[in-house]
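By letter and in written order, the chains are A, B, C and D; residue numbering begins at 1 in each of them.
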Amino acid sequence: MDTLVWVIITNAVVWIGLGAYLIFLALQQHNLAARLTQWEMLRHD
Amino acid sequence: MLELHRVARLYGHKVVFRDVSCTCAAGSITLLAGNNGAGKSALLRIMAGLSRPSSGTAHFTMPAPRVGYLAHATFVYPALTALENLTFWREAYGLDIAPADLLAGLERVGLAAHAHEHAGVFSRGMAQRLNLARVLMLEPDILLLDEPGAGLDADSLALLHQEILSARKRGACVTLVSHDLVNDVPLADRVLLLKAGKLAFNGPVTHFRELAGGTEQACCA
Amino acid sequence: MLRLTLAVARKDLSLTLWRGNGLMQALLLGLLIFFVFSLSQEVGENLSPQSAAAVFWLSSTFCQVLIFNQLYALEEVNNSRLGLLLSPAPIPAVWLGKAIAGFILLLFAQLLFLPAAVVFLGQSLHGPLPPAVAILLLADTGMCALGSLLGALAQGQAARESLLSIVLFPLLTPLLLAGIGVGAQIFGNPSPNGPGAWMGIACAFDAIFLATGLLLFSFIYAGEE
Amino acid sequence: MRSLSIVPAMLVLSGSLTFACCQWLIYSYAPTEATMGLTQKIFYIHLPLAWWALFSFFLVFVGSVSYLLKRAPGADRLCAAAAETGVLLSGLALVTGTLWARKAWGVWWTWDPRLTTTLIMWFIYAGYLVLRGLNPPPQRKSLVCAVVGIAAFLDVPLVFVSARIWRSIHPAVFAAKDGGLEPEMKLTALGCVVSFGLFWAGLLWLRKRQLDLRDRLDTLASAAQQQ
């Protein structure tokens, strides 16, 4: 395989990994936000 | 003998109790009462120095007191004989007691005949008597009891009460966690009542009785 | 402090060696590992000295995890842990006592594993023995110092053995490399460097984790439920 | 509700952007290495990953020590966030390392001391994360994790030295990878490390803040339950 393609694949793997972690963080944040709104609604009742 | 100052205990995020201040004097029996989950055992562990309060301070007023702690768990090694159990605890606590006195200690709790039997075959009552022998061997200055009577027969219970009273006579500071207020209130000099995360009552037992026949009932329920 | 240490060590040894099924489980597991690896040899062929040394230390490590699990489980039966914590002696004495008991048990197990390496893996002992014995003792010391510190960590958890293994195994890597490196030399794979460098590693490991155990044990071994 | 600071998100973004700019340095400014050719360019992403992973583990160590001293729950959460990012980055460093070895020397794995140390660290801290995922009483879990966090970091230099001796006893098959770097290469590598550091700081900050938020929500929930 061409060396350049190999290098690009390597970089892609790294950024896919980092991106996956960022997506995980975003999902967690989403859950937390949902919990927060739910809690605020409960408090206003 | 024992002083707690604004002690609080958290379990994760949950406040078990907070702002508990009290003192326990030498030669007195303090009854620690409260519902399930009120944190009686947690408070007793803090008194014993087994766990740190989440805030506040707990300390002994005398230097290096001997602390005896008797809980539901028997601290017994099933594969050792009664005498070996006691010998181990003597070594672990660094006490200088002759083997003959260890046997006398077993005699005192009525286990002399079983000294060379493995503790694994003991009934709960016998194991708890062995545990009591361990505590008595210490001659504790501070005696902390966490419902040690649960599941004991009448004889063992009577022995326990007798030893609690003689500890008071000796000048020890006794704290007793109890569910069984009807039986244990008569022993006590003072009462601490934990309720809704706070110390709801802290005073002499006579006052506690006057205050609420009702509270007593509520606690027993 | 010394009295509590000796009391714990003596009690643990007598409970594991003479009462109950004690060391059997750990020994059998270790011997089974030797047997399974003997299957990797083709007819008329022996495992290379290095592989044999690796198998020896693999067995020892598994054995050590089981030993420390068992030693700390003794206090869980009737919650005697609290009884030990109430002792006026400093808590690290318990760590030292358990480490000593574990050390003797591990050495005992290794006495059996060595002939197993000779029999199942077709090894013979070459080379000077004193450095081999020294590295064995040094590696065992480090393993027990760390094992005794972390043995209490899984207290009250399900699947304690596997939890302890995954935390302990990678931390023991330097000792395992040292043990395997010197072991290979003893089984007849001479190296120009000799065991000197490995001794240094093992000593450093021992020093660091003996100090860590002494300092940090009381945080792990506590009355918190 | 007080709106959250945008600083960490900006850090992540600016880290990515500057790292993108570094690509120019990597491919135009730095000379192509004589023996390995283009493959050596992997080095410029491998190095920052490994460095910041190691630094994350150092943070776990610092956080653990400060937790044991002060018992501040925040230190415990810092350890959690740093261990996570550390495992992520060292995992990626391992992947780039194997890909590099495969292209440069035709093998997937070399027992290079640095790569070996990274692998062992990954194992150690992955185990640490497993420990964190368990559910013992909260205060006890923090204490146990702090002790393991300290022991783990003390182990790192030992692992490195032993991996080094391990290799020198067996004749070295491969020479040191990046012994003599040309000045341009050094500058490029430095740029990559710094810009990736921005990204790393943002990531860590985001995760730490998230854990703080979760903790506060838990507190509110249990307070509400008690009333």
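Heads up, the rule we're going with is that contacts are C-beta pairs under 8 Å (C-beta built on N, C-alpha and C of every residue); 3 or more make two chains touch, one makes a residue touch a chain.
This structure is a prediction, so every number in the text was calculated from the model and none was measured.
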Problem set entry | Closest chain to the centre of mass proxy, which here is the mean CA position | C
For this session: Would you mind telling me which chain pair, C-D or A-D, is linked by more contacting C-beta pairs?
Result: C-D
Problem set entry | Distance between chain centroids, defined by C-alpha means - chain C, chain D (Å) | 30
Exercise. Between chain A and chain D, what is the gap in Å from one C-alpha centre to the other?
Worked result: 17
Problem set entry | Inter-chain centre distance, chain A versus chain C - centres from mean C-alpha coordinates, in Å | 42
For this session: Enumerate the residues of chain C that touch no fewer than two other chains.
Result: 222, 224
Seminar exercise, completed: Among chain D residues, those touching two or more other chains are 137, 139, 221
Exercise. Which chain B residues touch at least two other chains?
Worked result: none
Problem set entry | Inter-chain touch pairs (all) | A-D, B-C, B-D, C-D
For this session: Show which residues of chain C lie in contact with chain D when the two form their complex.
Result: 146, 149-150, 153, 156-157, 163, 166-167, 169-171, 173-174, 177-178, 181, 191, 193, 197-198, 201, 204-205, 208-209, 212, 216, 219-220, 222, 224-225
Seminar exercise, completed: Listed in rising order, chain D residues that touch chain B in their complex are 137-139, 215, 218-219, 221-223, 225-226
Problem set entry | Complex contact set, residues of chain B against chain D | 10-15, 197
Problem set entry | Touching residues on chain D, where the partner in the complex is chain A | 1, 12, 37-39, 41-42, 45, 49, 85, 88, 91-92, 95-96, 99-100, 103, 199, 203, 206-207, 210, 213-214, 217, 220-221, 224
Exercise. Which of the residues in chain C come into contact with chain B in the complex?
Worked result: 3-4, 6-8, 11, 14-15, 19-20, 74, 77-80, 82-89, 222-224
